[in-house]
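Structures are listed in the sections that come next.
Two complexes follow with subunit A in common, the first pairing it with subunit B and the second with subunit C.
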Partner chain A sequence: MSTQTASKVPEGKPADWVPAGDLQEVVDPEWLMHEAPRTTEFITGSEAAREAIRRCNVDVAISYPITPQSETMQQAGYLYDEGHIKEYYRAEEEIGTMSAIAGASRAGVRSLTATSGPGLMRGLEAISSWPGARTPVVLLNMCRVINTPLAIQPDNIEISFLLNTGMLHAHGENQQDFYDYTLAAFMVSEEVDVTLPATVSVDGFFVTHARGHVSMTDPKYKLPPRDGWRSAVPAMDNENPPARISRDAPIQKSNFISYHMHASWQQEVFAAVRRSAKYWRKYLGDLIEVVNPGAKEMIIASGAAVSQARECVRQSEEKGIEVGLIKVKTIRPFPEEEILNAVQGAERIYVPEFNQAGWLHKEVCSTLYGKCKADIIAGPRVYGGMTMPTELLLDWMAEGRKDNPSYTF
Partner chain B sequence: MSLANLTPSPGFHKWLPVEYRDLVEHGPYFRDKKPKVSDMGKFKEIVEEHPMCAGCAMTLFIRLVFIGLPTPEHTVIVGTAGCGRLAISQGSIPFIYGNYGDTNATASGLKRGLEVRFPNQHKDVVVMAGDGGLIDIGFQHLMHGWFRQEKFTTILLDNEVYGNTGGQESGMTRQGQILKMAPRGKKTGKIDALGLAKVSKVDYVARIAPTNPARVARTVRRAVLVAREVGSSYIQAYTSCNIEYAIPTPDVMKDAFDVEKDRYGFEEIISDRAKEFLAEVEKKDKAKK
Partner chain C sequence: MSKDIKRYNVRMAGLGGQGVVTASHILSNGVIIDKGESSLVPFFGSEKRNAPVESYVRISNLPIYEIGEIIYPNVLMIFSEQVITLGKSYTNPFYTGLKQGGIILINANKPIPFSRDELREMEEMEAKLHYIPATVLANEIAKTELATNMAMCGAIAAVFGMPSMKSLEASVKDRFIGKGIVVSGGTAALDSVIERKFAKKAKLLEANMNTIKASYQYAIEQGWGHPDAVPCEDAPKLTEEIAAKYGLVLGAI
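And now, the complex of A and B:
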């Protein structure tokens, strides 16, 4: 049979076209993330994502539009056209997108997609099977209200649906995090003893459509490519000796062996989530950031709520009140030890969130239950697209200092 | 996969199960002359034992598909929930078993990923799934894969029923048929999937019943080669469900012949570009002989 030629010039490009990605230099990821010189630009979160993707050496990206995500995957389309991404298409909808990107990952190539609220929900059956299939994929998630009533506003309730899937999950505070976490996510997810998909969430609009300062490395550098031969399970490439029971075969007979197989497979997925912590630390420093350690009043937050909490800390300080802040960078693995250590000495802990379910509050409660004497206050929370005024947080904290506090908003 | 990958080192050879040694020594991989249907019984097949119902026509068909694959050592099969995967997963070819109905989306990403990763080695991707899996739950992905002209083969194992969940009607069930969830008989007709393939400009479309094994193998080979070089390909195969349609096991082949004669005759719909390509390939094949 005929063989394909290695590098075909795509239709519409001149014969001497060179993919922009081929002109980039592969560098050590730690050097890229910690030491390489950076310059700062004032850009939107979607643009920060684009700049991260440019440096991520992505093989296959599959897109489907949904506000507020669309902007990012459109930008990924331009990166494909420039030759930074090798393969790209707009899929039919999100189950198609999420199934196809898993197919790409199974081929052993670096795979990227993105979505928001309702799109995430539509793709969830596929997404929730990625960890069990041990498919490293990076999913950028720009949080948005889940219908109904219909809205496109920021609200991060959809994160709660991903918590128990076995996915890695980082939640960025701002444009800078979106850039840094995306680079880290590819590297962590493809580590052999991890081999799991990773979500990088940011709160829609607040981060995606607003500008912030983002310090970035020279675009001439990129991450090393995914090595399809290096993973916890073999790629589905037919490059391994044949076996009659393939990795994806259903072991679904109703007997004890099959139950054990499935149970141990699940245990291993969740163990891999924990193992990933060391790699996240390598790239992001710690899994949490602590402001004013040892303070009696602490705020624990992730995503955009961190920015509001920072302002609350600053304004409290002006009034001579010390408030501490724990920024949770990774939701999975959840930094239990770190949080536990950081709240020693706290009397009251506030968990402000951009969703009504209070998933972070529940995480914090189950982490600290029986191990910390502080009151863990469920809020304040805003949702449905509301912003979180700093005054709301300040009011709640003032209330907390009373004998019989009653929190309302 | 290379032959070296497959071959055990001499020290290990005798400790490997005879099953594996047979696959290496007498399997269909890396053969100048690939074993044919007429060689059945004289070589190690990709699938042999399986837990499907005795006499199920689908299993015969799946066996023949494996024989028809032009390059089994560089093929990946994508399947889904349904009876077929019980046998397909016992085949010695990597098999992706995802969520119900996700096959053609998965195959789209897989095929493109394999092309990026192995620019100098063809990797054939073949979807094999039931009528429920492809025409009902996976319909959108089937159609859009065709619209995008994805270069993989889809084989529909059409038993005209949801076999694996115990006999419910599917989009491919015929009008009037009484089945579970169709207590008064199916209200509407069988979906014209071949017609849809045609209007979607699928490059190679075939309808077939497992009555002529050599023809099944040849059809599969054609479909896979077209997907490799030209565009999408689709085979719709009548593979009766003897359990849910109460066909006595000894009569399964008689039923296949009857249905073939009545409404499932062999038919190919081939685009001009695929015709040209196949003529070229088959001319070379003849010259080799």
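And now, the complex of A and C:
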């Protein structure tokens, strides 16, 4: 499945004479995701991200450290040292990081950054400008509390701030997803009819600092490089920069641009988000995973909440109760059709979340409104960084089976 | 690994610098090497020497789905008395959330003078309370209290009947000699201290393994061992002389 053979170390030269990335073989991404032989290792989420980045043919990585992201980007530093990433530096802070990585992407190279909660908030002004600038960047986001009082624990409320930026967004459940989704995110974001940045979020610590089984392909294979000209908006020639650093001069010709132009530009961004679904499917299969389809009681979850829900399904099964589970892999595009089909037959739907706002519950409600008869229960939720014990979810479900459930845990 | 279904949800609590997180990696990886299922997550807060540390290990011979901290453990490993006596813990009282009939393993030389309420609550939980002089074993056998975590691992392996001594040794090797794991800056600094102390890593491994074996065998002799736990004949013994030196009150209550 090789599409480009690897370089070799010239005779008589030391082993690290050629950057390690050049010694990898470029292969077809679908083959890499679905067919290439894999071996399983028991590693942390940060290490899983490193192994994904190793295979992603990344040109430029820029980041600023923040817990719990730091460990991953420290690992990325080793990859830079080995020659798997061509350029890598630590920016001064996140507005700088997110602006600089956009510059790298505009120049047409494969670009990677990573952050967590408060860092994401700081970088958000620049991040919000990425989709409109049609810059394919992969942002690894290790979720962390953003609210005061200060905390470093996982709480994924920050995802709600990204929902309407026009970015693609996958939410990984575990270390395996962190590996797979990262590879997929690069390929999807660089498709011509997508050309958008993509976030891969995982819940900090529970995924990044915990070990899990990750099945991975041979590190000798890597994704094809980014072709900057194969893009909805051509790459910028940095040797001959335009007078204005802008993709589309008319848009920024004055402060009084055509409203229509701005509106249609935004429509196109959000249409591209929807178009990306077919590519996510190509790499990740369906955008949802369904356990026990047709069950009367369903759990809809993303991220770490899926793992707790799986244990809830298992323990319920031991008691002879069938509970269904819908794992939502991509938050943007939101898999509306799939969810709608999967909840037919459901009488009660629970949406457990690791945040106060209940952003997934709101997404589910607006998707199913008027199209599904099930009660959609707003919870359970934990926030501030604590985990969700399976016992909590089981208690809520037991309460739901009563005639007059109170849901006041 | 035994075919009977086992499911241990372990909450480890101790102080920064005691190697609580390292112990959880060694135990968890040992179970994986033993072909069991395991996952772990440390609690991250303001890590520093002597500050509270918690780490959580899930062990089973069936797939493990749950992640995150363990709120309702069935095993508690307390690496320092100060977790209890000074309340140096994220969880107070330390047994909060312990499931009925759970196991408590405390590193202490003699029973802790619990309040009547605490004793009553632990009795109501039917908790099995074990005291292990882990720091004494570390000091006497490895000649460094930095091996306290090894002693805790050894004792709990006997209580669980897994991982086997062979798998534990492979896990310790992985940690100190093999490919290793991603560690924090503080842990890396302690690693270099301990590496200097033992000129050769092989000696470090040997000292660690002797400590593990001694505490493992100690647990078996106290009658806490799982039926699957194979006695370790070549384990160094905790002599009466040592016991007298530290004023140890040995055994379970």
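Note that the second predicted complex is superposed on the first by the 373 of 409 C-alpha atoms of A that agree within 3 Å, B and C clash if a C-alpha of one lies under 4 Å from a C-alpha of the other, contacts with A are read in each partner's own complex, and residues count from 1 in each chain.
Here, a residue touches a chain if its C-beta (ideal position, glycine included) is under 8 Å from a C-beta of that chain, and two chains touch if they have at least 3 such contacts.
Note that the structure is a prediction, hence the values are computed from the model and not measured.
Asker: Looking at the overlay, does A:A232 come into contact with subunit B only (first), subunit C only (second), both, or neither?
Answerer: In the superposition, A:A232 contacts neither subunit B nor subunit C.
Asker: By the touch definition at the top of the document, which applies to A:V291: first (subunit B), second (subunit C), both, or neither?
Answerer: neither
Asker: Touching A:G212, do we find subunit B (first), subunit C (second), both, or neither?
Answerer: It touches subunit C, and subunit B stays clear.
Asker: Once the shared chain is lined up, is A:G108 touching subunit B (first), subunit C (second), both, or neither of them?
Answerer: Touch partner of A:G108: subunit B, not subunit C.
Asker: Given the touch rule stated above, what does A:T387 touch, subunit B (first), subunit C (second), both, or neither?
Answerer: After superposing on A, A:T387 lies in contact with subunit C but is clear of subunit B.
Asker: Please determine whether it is subunit B or subunit C that touches the greater number of subunit A residues.
Answerer: Of subunit B and subunit C, more residues of subunit A lie in contact with B.
Asker: Once the complexes are superposed, what residues of subunit A are shared between the subunit B interface and the subunit C interface?
Answerer: The answer is that subunit A has no such residue.
Asker: Would you pull the subunit C residues touching subunit A in the complex into a rising list?
Answerer: Subunit C reaches subunit A through residues 25, 28-29, 32, 39-42, 44-45, 65-69, 71-72, 181-182.
Asker: Which residues of subunit B touch subunit A in their complex?
Answerer: These residues of subunit B touch subunit A: 1, 5-6, 19-20, 23, 27, 29, 70-71, 73-76, 78, 85, 89-99, 102, 105-123, 140-141, 144, 148, 228-229.
Asker: Report the residues of subunit A in contact with subunit B in the complex, numbered from low to high.
Answerer: Within the complex, subunit A touches subunit B at residues 1-7, 59-60, 62, 86-87, 89, 91-93, 95-97, 99-109, 111, 125-126, 129, 133, 228, 236-250.
Asker: Would you mind writing out the residues of subunit A in touch with subunit C in their complex?
Answerer: On the subunit A side, the touching residues are 42, 44, 46-47, 67-68, 71, 75, 152-154, 174, 205-207, 209-212, 304, 307-308, 310-311, 314, 386-391.
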